[in-house]
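I've put the structures underneath this note.
Each of the next two complexes has subunit A plus one other chain: subunit B in the first, subunit C in the second.
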Partner chain A sequence: MVEEMSRGNENKSDVKEDESASKKRVITRDDLYRRSSQFRMWSYTREGLDEQKFKVNEKGKSHALKEFAAALEKIRQTDETFNQFESELSADKLADLLTADEEKRYLIFYSENIIKLTNSFRMPTQVKATAMSFFKKFYLVNSVMEYHPKNVLYTCVFLAAKSENYFMSIESFCHPLPKTEPKDVLDLEFLVLSSLKFTLFVHHPFRPLYGFFLDFQTVLLHPETAIPNLKVEALCTLYDAAKKWLSEHALISDVGFLFSPPHIALAAMYDTNKKITEKYLKMKYFVSNTVEQKQEGGQSDNTKPPESEINSKNYELLLSTINECITLIKSTPKTTREDSTEIDKKCFYALNPERLIKKRLNKLKTAGTPA
Partner chain B sequence: MLEGKVDKPLSNNTDGNHNTNMSLDGRVKDMCPICKTDKYLSPNMNFLINPECYHKICESCVDRIFSLGPAPCPYPGCGKILRQNKFKKQVFEDLGIEKEIDIRKRVSAIYNKTQEDFENLQDYNKYLENIEDIVFNLNNGINVEETQAALNKYEQEHKLEILEKNMRESQKNADLGKYREAMALLKQEKLSIQKQMEIEDQEYQAQQKQELLNKLSNSDNNNSEDIIAQANLNMIKRSSLRKRQLQQINSQLDQKYHLDSSGGKKKSSDKSKTPFTPFNGDRDLIKAYKFLPAVAENEPAVSDSKAETYYDPFVNKLALDKQYLGAGWRQQYIFKKALDEAFLGIGCFIEKEKS
Partner chain C sequence: MTSTITNVQVANSTCSNYSKDRKVGEGTYAVVYLGKQLSTDRRTAIKEIKTGLFKDGLDMSALREVKYLQEMKHENVIELIDVFSASNSLNLVLEYLPCDLEMLIKEQSIIFKPSDIKSWILMTLRGVHHCHRNFILHRDLKPNNLLISPSGQLKLADFGLARSLGNPGEDLTSNVVTRWYRAPELLFGARHYTEAIDIWAVGIIFAELMLRTPYLPGKDDVDQLDVTFRALGTPTEQNWPNVSSLPLYNSLRVYPPPSRQELRNRFSAATEKALDLIIQMTQLDPNMRCASTEALLHDYFLEMPRATDPSELPQMPSKKKSEKNEPPQKKVKV
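Moving on to the complex of A and B:
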């Protein structure tokens, strides 16, 4: 889905400067991607992403503290023994909030749950990836200390199924889920939608991957085989492995925010078979491009020497981006169950401060009576 | 719109107290003010008006007063000189509309350019706006003399041009007429062929029947069933053959006629093939990939890597499925879409561009 451009202001000034040139302006496929909501609203640099996560964590913390204060006040009014232990019950001593890192690990644990859930429903990869994207985007806007991930996760999956044309009724969706009513899922729907800023279209690396699988055939096999003894079956296995690689590693990581889909797809292929992918990229950048330029017209003759330079520069840039992408995906930590239960406990009390205070109060009471 | 110009009795029916004087109004409306003939008593009576002053006069009065040449309008206080040949039937009840239409006709006969004559829409709109101004002025009596003078001057200056445009328009209408005629002719021809074939079929069937009877009477009993079955089979074969023949003839005729009639239309469809883009600029038509032709339909997928097609056993197999093809599914679309997406944003380095 390509939306109206955000950089309209820049363009207007362009138009004023040279109207004749703007008439012949060419919109490349890259420009089309730049106008997608995915690029405009949901693409970050690495620092930008970390900063955003930090901000959300701060927001969640302040929200949790506010809730805590409200709960404290409520208990003060209902429980007469409260004043006795007031000093013990302050927010500094009691509230144990999640750090940004803990939040991150917690979300990774739930991301894995999305994969399990979608697999159990036998949903297509597209739905799985979209659900994952929705979930991640939601927690780039909200903190786990504001909304518990469990129901948000279900809503994201249900919404993703709808937005990817994989319809199922809310009853049949909730039926296999433990302790979940249709209301729990549907109530959050609008919240999720508004957190996503109503941008439901996601560009996934899966279809580009298939496109590259086809283009590999064009470049490497036709008209003659570029690598000796390369069979089309080898490309098939490469494709299958890369696809598996994407759904096993790339989905859980944050690369969707950091790289464009073709880069992720190429990273998957590069990591599964370096030799073939490298050969393909080289042929693509140093052979076919010049052919296209020749077709374009006579003006390429003057600019030919720098052309190849630009090509090699682009090639280097692409390769480094792909490598970066691979290392990032590989370095995504897995969260163990024990780890997550611990964070889960924290999160529970952050969301329900009343329970935390009461528990503490009871403990203090039982400890206080003998004394 | 015309309240000031039209005389009182004519605009009566648009008054507010319309309901109370209904019966009177109805009488006034249906009565000739000159000879006082009532429509009630002579239902064949017709009213005529003259675009000079738009006063209603009944047909017999027009005959009586104007048959000897131009005469002044018999309405008291009007006195405009009217001619019999200008009288016409009233189409609209509201005389204001009647008048405006007359003016419009007159002006558009002079200002008869069409959109093709202008380079851009803005100029054409200006031209139309000008026409509207003239019509409004003439209709509402604003600067009538000046406007009329300007109109006449324009007509004098652009006489040749106006004539030329008129010719062109009539040519166009004639073309349309020709096309319609041709289509009607085509239909007729098809019908006659069909009829002829039906007659032939009937004759043939009768003949066959006769033959069958002859055969049956000549042969012994055991064979008779076989003979009948054989005859039926022949019949079915023949009818399907005939159907195909008919279809073929029809399509041939169609082609012939379309070639004849579409000669003039081709010019406009040859325009540039750049797809429409909602963005500021044209879409890049140079693809980043070379598209291989898809596997031909009805041909089994080949795993031979030498073949100049994409190899994907799953999709290639679907391409043989009639259900998919019937629904408009084509494997090229799948391939093209995937390839397009593969290069969508390959040059977008987010780390570089967003920082």
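Moving on to the complex of A and C:
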């Protein structure tokens, strides 16, 4: 229903799929969205999303433990003092791996870096949003304990720029990045692409937002203003503020995995200007239908349940979805630099167990033989 | 940190599900093999994207092809069956379509009935409509990219130049579409264009199906303008408002628009309704060109004869099926 509305003025695009077929099906915008890879492969319930993150964290931990065991074995064979301290070097005593919650907070910190990076390159919103989506998807498949987010982030941005037709040569991309060679970015490109399950098309809320902006004008200003003194300028202000809201709040959240783009767009508008958005939705659900019915000759179909009842149910449902979406977006925790430095250290040792073991071993050696 | 590809098991499937039998073609960024899906014995084409070949990583055309085909499931769009990675190469498993419309047009032994042409154009428009309602421009429609299945279904292929319809205010490159099928707004270097560029190309293909020879075969970009306007008249501010502000609009030879009678003579086999549709699809002003929806609902498709059933359409004589047809020119890559 909402997807329907997002079409704004361009609702003439539905054509019967097959004229010769007896059952004439009309394909709606909703149907098209359901066929998208975003809906088919990257949409979750809240529980499903949490579960996926938990699974990835478990996978990361077991990967890190395997790496730890391999490193331990290597040191056992190369360091003759090893046996002496073996009991102090077990994974139980030494390996300090990231919890699912730490992994989540760590990724939020890196997500913020995507915004900073894409801003510094003056990349369009589309690239920024796609890069963010790629990065989030990558870590729904892999753990930070398998692949450190720093270079993955760069690769996601570089790949998103290409995918959104904003090409940059690898040299000019790497030039401003500290200690980063083209190879660091390009070597991960294939891994990122396959982690994305080769789906590159991302539906963002910005296009439906624009559609709503146009439709708000149609519904609220014509033939007469639905709210006293409402001017087109107010709708422009609303549109700009909602766009900003999406960039500042929605982008960094997980909302893209949980709600459809038109819902997110409406959430942005509703949170930006409740009065206007509510009026629009009411007109859409309660007024325009009756107008259309009158135009069709006023013959109401008595066999159907009263239209108004269904409409108010749908309206309530939509409002609660919008509110849920806003709450979720606003509850995305912020990760402080100290917090992330702490997790960063853990992550470093999870990825480099040899360093961890050697550090400990050296400490033990200088402290002398254990009691 | 590990960054090897081999230990990642996220690809849709692995190469062991497919066999690569023999090479059937080679494009700028890919080698195409005839393959088989081992589990089903289904014939497939496997397009192996050369990686590590470009200094900027994965090629943009390859990325576009993957990006758009993943979203485009439709009877008249080539099916991307699977994607897999094998030792650092990206492999697109496509349905195997050994024939294309260009081969049929060039095959002198085949006679096209009006209902055959109607069927091909209808299938082309359905595929194009599916792209457009998903906000995707194909940007390289030409007979060589309209592939034909053994059952006669026509499918849009080669999405290496496709892109999403621009967001408001975004600049696009006008250096798209193989020259002969390039709409006048592109010839004038317009930075903003729409679905109408694909419709133009379909109109030119429609004409080519009737003429059995390319309709507007310009020798180079300058000549393309001349050929186009000699056939359809030079655009003016009267029939295309603001055309003179487009970047490459200057010092054109002025040709009058063709009269209806002239067009009738040019397409002697076309009915009045067929002529109407061609005229609507090849309007110089993109704003005047019909959309895919209007084209699909055009009276031409309602009048007799009905479009030929795909299974009844002419096919290539079997011995020539595998013969490689050289395209008339290389398209310009962006």
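One rule holds in what follows: the second predicted complex is superposed on the first by the 329 of 371 C-alpha atoms of A that agree within 3 Å, B and C clash if a C-alpha of one lies under 4 Å from a C-alpha of the other, contacts with A are read in each partner's own complex, and residues count from 1 in each chain.
Criterion: contacts are C-beta pairs under 8 Å (C-beta built on N, C-alpha and C of every residue); 3 or more make two chains touch, one makes a residue touch a chain.
These figures come from a predicted structure and were not determined experimentally.
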(message) Per the contact definition in the header, classify A:141: touching subunit B only (first), subunit C only (second), both, or neither.
(response) second
(request) Return first, second, both or neither, reflecting whether A:167 touches subunit B, subunit C, both chains, or no partner chain. (result) second
(message) One more residue to check, A:201. First (subunit B), second (subunit C), both or neither?
(response) second
(request) Determine, for the superposed model, which of the two partners subunit B and subunit C contacts more residues of subunit A. (result) B
(request) Mind working out whether A:317 is in touch with subunit B, subunit C, both or neither, as first, second, both or neither? (result) first
(request) Report, in rising order, the residues of subunit A that make contact with subunit B in one complex and with subunit C in the other. (result) 15, 27, 32, 35-36, 207, 210
(message) With touch defined as at the start, can you tell me which subunit A residues reach subunit B in the complex?
(response) 5, 11, 15, 22, 24-36, 39, 43-48, 203, 207-215, 217-218, 221-223, 225, 231-232, 235-236, 258-263, 265, 288, 292, 295-296, 314, 317-318, 321, 324
(request) In the complex, go through subunit A and note every residue touching subunit C. (result) 12-15, 19, 27, 32, 35-37, 124, 126, 141-142, 146-148, 151, 158-159, 162-163, 165, 167, 169-170, 182, 185-191, 193-195, 197-201, 206-207, 210, 351-352
(request) Spell out the residues on subunit B that touch subunit A in their complex, using ranges where they run on. (result) 277, 279-284, 286, 288-292, 303, 305, 308, 310-312, 335, 337-355
(message) Looking at the complex, which residues from subunit C come into contact with subunit A?
(response) 1-3, 5, 8, 10-12, 51, 55-58, 60, 63, 66-68, 70-71, 73, 83, 85, 88, 90, 129, 132-135, 163-164, 167-168, 170, 291-293, 296-297, 301
